[in-house]
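Multiple structures are listed underneath, in structure tokens.
Shared between the two complexes below is subunit A, which has subunit B as its partner in the first and subunit C in the second.
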Partner chain A sequence: MFLQQLINGIVIGSVYALTAMGATLVYGIMRILDINNAGAYALGAYVGLLTYNTTGSLLLTFIVGMLLTGLYGVLVQKLLYVPMLDKSPNVSLIASIGLFIFLSDLIRMVAGPSIKGFHAEVPFSSIYTDSLNINGAWILIIVTTFLLLAVLWFLLNKTKIGLAWKATAQDLETAKAMGVNVNMMVALNYLLGYGFAAAAGIMVGILYSSVFPTMGDVPAYKMLAIIVLGGLGSPVGTVIAAMVIGLAETLIGGYIGFFLPRDAIAFVVLIIILLFRPRGLISKN
Partner chain B sequence: MYEIVVAINVGIFVVLAMSINIITGYAGQPTLGHAAFFGIGAYTSAVLSSTFGLSFWVSFPLAGIIAGLVGMLLGLASLRVQEDFLAITTIGINFVVVAIFQYVPLFGASLGLSVPRPTFFGQDFGNVHFLVLVVGLILFTYFVNRRLENSWLGMALGGIRNNEMAAAALGIDVNKFKIIAFILGTFLAGLAGSVYAHFMGFIMSTDFAFLTSVTILSMAVIGGLGTIRGPIFGALLLGLAPEVFRFVSDYRMLVYGGLLVLMMRFQSQGLVGDDSYLWNMITRKKSWFSASTKG
Partner chain C sequence: MKKIIFVGLLILVFAFAVFGCGSNQQPADNGGEQQSQTGEQQQSKEPVKIGFFAPLTGPAAADGESVQNAAELAVEQINDAGGINGQLVELVDYDDGLDSKQAVNIAQKLTNKDNVVATVSGSYSGPTRAVAPIFQRAQIPMISAYGLHPEITKAGDFIFRQSFVGTVQGKAGAYVAIEMLGAKKIAILHIDNDFGSTLTESFKAYAEANGAEIVSIDSFSFGEKEFTPVLTKIKEEGADLVYMPAYAGEGAQIVRQAKDLGLEAQLLGTEGVDSTTQFLEVAADTADGLVITTNLNRDSDREVVQKFLTDYTDFTGHAPDMVAASTYDAFMVLASVMKEYGTEPAQILEGLSKVKNFEAVTGVLHGYNDLGEVTKAVQVQEVKNGEFHSYGQIDDPEIITPPNK
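== the complex of A and B ==
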């Protein structure tokens, strides 16, 4: 029973980690809270579904979904977020909320308001024993999350791009002066960030066998709780915070039977932890 | 009359936009959970009058006081949790408060609460009475904003907004002023909540959800934060928008989201904020006018 809850928590934590990673990467460089990341999550799920229905290939589903959504991110940063960099943080925050509302409604108009089925054949078979029950889609989620995070870790820690990313995150102006192509870094940042959100959207679509226009609503705010808990802008902190929230939701919901709905648990955890560690679990200073 | 109903609803949001202006505009503290305090006021008033049978005239001020007390707690928290961390914490407070309304039986849980109409010398409140009440509340909020802007407190708050460290170095008790701003802003939101509850006659937790907070902040920002005219203008504009855009009701959210994006991209100081295109045009005309009358 405990093992089952633990695995549930890790699966949910993995989805949260991927969803929030995009927002963390964006915050790391731009210092803006980009709620529209949750829009990328829904967009990615729809593009993924369309790709899967036309090609039937799961690999292509992820590649096309992530790539197209990533390109949308590049477009958005160029036209919207970069020109706002010197404004108050309220400005970009409200713009991102507006864009998220706009995109959700656009998806509703184009694809229709009803729930669409996403029945993908998962290359992993389910494991069923007396005490344990592991869905094939869960294995897909854990494996994909691990792969994507490993690629990100390699990119950030072992390559020149990663060094440039860290330099830009620390001080954009100085990095520019030192010859880092900052525009390129910001664009790449959005390509990766929105791509990750799209991957999370596709995985949730497969997990629940459905996509719908408002599917980004709950991730939109939970993602914020996670990136803040992780210390804003710290990729490692984000993964830890995502697991903390995922496990807290399943364990508290499963054992204690919290009197509040599951989606409020993330924020209760957030508020309590922030009062003790006001700059998140992993803070920079 | 339908116009009066619209006017009361928009008026409540004028109060809300002016009250968030004290916290975000004057003291510069990000708040994305203002609807929580609007809701605390509404539910306090609803429970006191429907469950405990208190008169509206008792529960109305109490709604403001309870909201202000919770706001004081948030103010205390804001000394520790700051900037973007604070913004997200306020979103969290909004979600937790709504969840409590939705799950605790005292607050009607998912069924909502019905609220009795207030009476005034034995006479039931009509819509016109509500309009008078709302206008009174707007004037009171305006007066508070005005006092803040012109007082030592307002200057101190402006100092905090522009540069907290410098303000502290000049001997301004930053912490005290921040907490005062939170108390005042949430107190006014609580009063607005009480009026809303009694006017609507029925409230549900979803009335005070995160999207309502976004709407309130958007009104203040679209009009122009840190000014008095800005939040009033923004609340009138966004409040009347559903009436004006009725013909595009199916694409309402699309238009709303798109407008927010365009506004923030091209007029982030607000439509009538300081140094905005529109405000520059108005003030230039005025100075030209006064110059010509003088000459």
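== the complex of A and C ==
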């Protein structure tokens, strides 16, 4: 049973890691909390479902879902977030909440309020033994998350783009003075961030065989707990925090029972860890 | 650049205003259309207004859409059949967004401004409970279509319930578990709200009094999607039946994940998952073998059931669920009562208390008791090949008679 719960926890943690990565990247550069990342998550899931139903290809589902949602991200940062950069961060926070509500209601009006089935053929077969059951969709999630995070790690640590990203994250003005194309970095940041959120949405859609307009509601606040726990803006911290919360939820849920709503566990963990590490698990200072 | 954004935002704001007003004006528009379509010679008479509210937006929007369609279908059919002795019926409908505060505003509007003669609640227990005292104070009859919390009808004699109260369904669930499915060790996994806790309490009381052991009770919040941790725990406990008062979204995940984990216990659901589009489409073949207690028997050969199933499918393009059938029934009961006793709230009240053996889609209504609770058989359905089919029916008065106070 412990091994089963451990695997459950890693699957949930993987989904959280991808969901919160978009918000982490955006915070890292822009220093704004972008709740609309959860909107991108739902949008990505719907675009993915549409692609899957028309093409039947899982690879295309991820590519089209991530790309279109990423472009949506580029669009909103150009039209909305960049013009607000010189205002207080609260302004863009509120704008992102508004945009998130707008987007989920728009999805409801276009696609209808009902849950839509997302029955995808997963290229991994399920593993069943006496004590352990591993669903094919779980393997897909762990593999895809690992791949995407590896690409991100490579991009941030081994390329010039990564160097420029780090420079921009440290000090936008100085980076600009040193010849970094800051506008491009910000746009790329949103392309990646929203693309990751879309990938998370698609994976959750496949995992639960369903997408629905309000599917971003829970990620909208849970991703906040994860990025704060991870040390605000640190990609590695976000992955660790996501795994900590995923495991805490399954192990507490499985061994102690649901004495609290599962979604509250993330915040209890957040409070306890912040008591000891007020800057989060991994902080830059 | 800034100007463009400003203009863009302005357009957005306008778009919102238009959409917002659009949905608010719906009742007036509908009423107007229906009036001009069928009632040219009857224009001398004012239409009878029936209030209605449902969660068209928010987390329960799918149920909201379903009951809204049912309400519109019912009103259309009532008017096509000549209305209430020649007088047309007008639907005054609102969206409560599953928000009790919003529902209270709507109830104030319905009772003070719209002058409805009766109201149907197409919403969940929470909002329905919040507005029941308002309709009681205004002395306007309200029928709760499918909200099952016991407190709703306790607001007073003007409040009725179309679906059986939670305590009846919980008891019926325990009866099914023990007598029909032979369960001895039962785990309960329920949604943490009025619906889930009401069903759990009455299920537990009956099951324990009749010799079954409740091995564990776990709850989850509305919108939960991940049940593998708790199902893994239930599997270890060796329960032979899992009772799951849940809605379609969560219920579909429970049955899917139970199958993924190889849980062999029998699953027993409630009317909360009684939906083809919301539940069966997502759960697909993993739902086979699930047994539920509900209001609606799709296999019934009674004419009113088969006619409703066809009419609703023609009207919306998809099969109806339990909430749609219950809402439709609430309107049909009102229409029949108004035809016989008159359209004043007091006359409707009198008529409702005298309903006897009414042929409704959700069963033959034996009548409403002093508390406003309906007595009718509880349907037991089983999922076979991705469809709900009849598994049995509970007529035992011991179980289906609702409490009187």
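In this text, the second predicted complex is superposed on the first by the 284 of 285 C-alpha atoms of A that agree within 3 Å, B and C clash if a C-alpha of one lies under 4 Å from a C-alpha of the other, contacts with A are read in each partner's own complex, and residues count from 1 in each chain.
The definition used in the following text is that a contact is a pair of C-beta atoms (placed from the backbone, for glycine too) under 8 Å apart; a residue touches a chain by one contact, two chains touch by 3 or more.
Since we're looking at a predicted model, the values are computed, not measured.
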First (subunit B), second (subunit C), both or neither touched by A:236: neither
Which of subunit B and subunit C A:263 touches, first, second, both or neither: both
Subunit B versus subunit C as contact partner of A:155, first or second or both or neither: neither
Touched partner set for A:97, first subunit B, second subunit C, both or neither: first
Partner chain(s) touched by A:163 [first = subunit B, second = subunit C, both, neither]: neither
First, second, both or neither for A:139, with subunit B first and subunit C second: neither
Which superposed partner A:105 touches (first subunit B, second subunit C, both, neither): both
Subunit B versus subunit C as contact partner of A:122, first or second or both or neither: neither
Touched partner set for A:225, first subunit B, second subunit C, both or neither: first
Footprint overlap on subunit A, where subunit B in one structure and subunit C in the other make contact: 80, 83, 102, 105, 109, 261, 263
Complex contact set, residues of subunit A against subunit B: 27, 31, 33, 80, 83-84, 87-95, 97-106, 109, 221, 224-225, 228, 232, 259-261, 263-264, 267-268, 270-271, 274-275, 278-280
Subunit A partner contacts - residues on subunit B that touch it in the complex: 24, 30, 32, 77, 80-85, 87-89, 91-93, 95-96, 99-100, 102-104, 210, 214, 217-218, 221, 225, 251, 253-254, 256-261, 263-265, 268
In the complex, subunit A residues that touch subunit C: 1, 4-5, 8-9, 12, 79-80, 83, 102, 105, 108-109, 112-117, 119, 126, 128, 133, 135, 204, 208-210, 212-214, 217-218, 249-251, 253-255, 257-258, 261-263
Subunit C - residues contacting subunit A, complex: 1-2, 5, 8, 12, 19, 56-59, 61-62, 64-65, 192, 216, 218-221, 223-226, 228-230, 232-233, 236, 248-249, 252-253, 256, 260-262, 277-278, 281-284
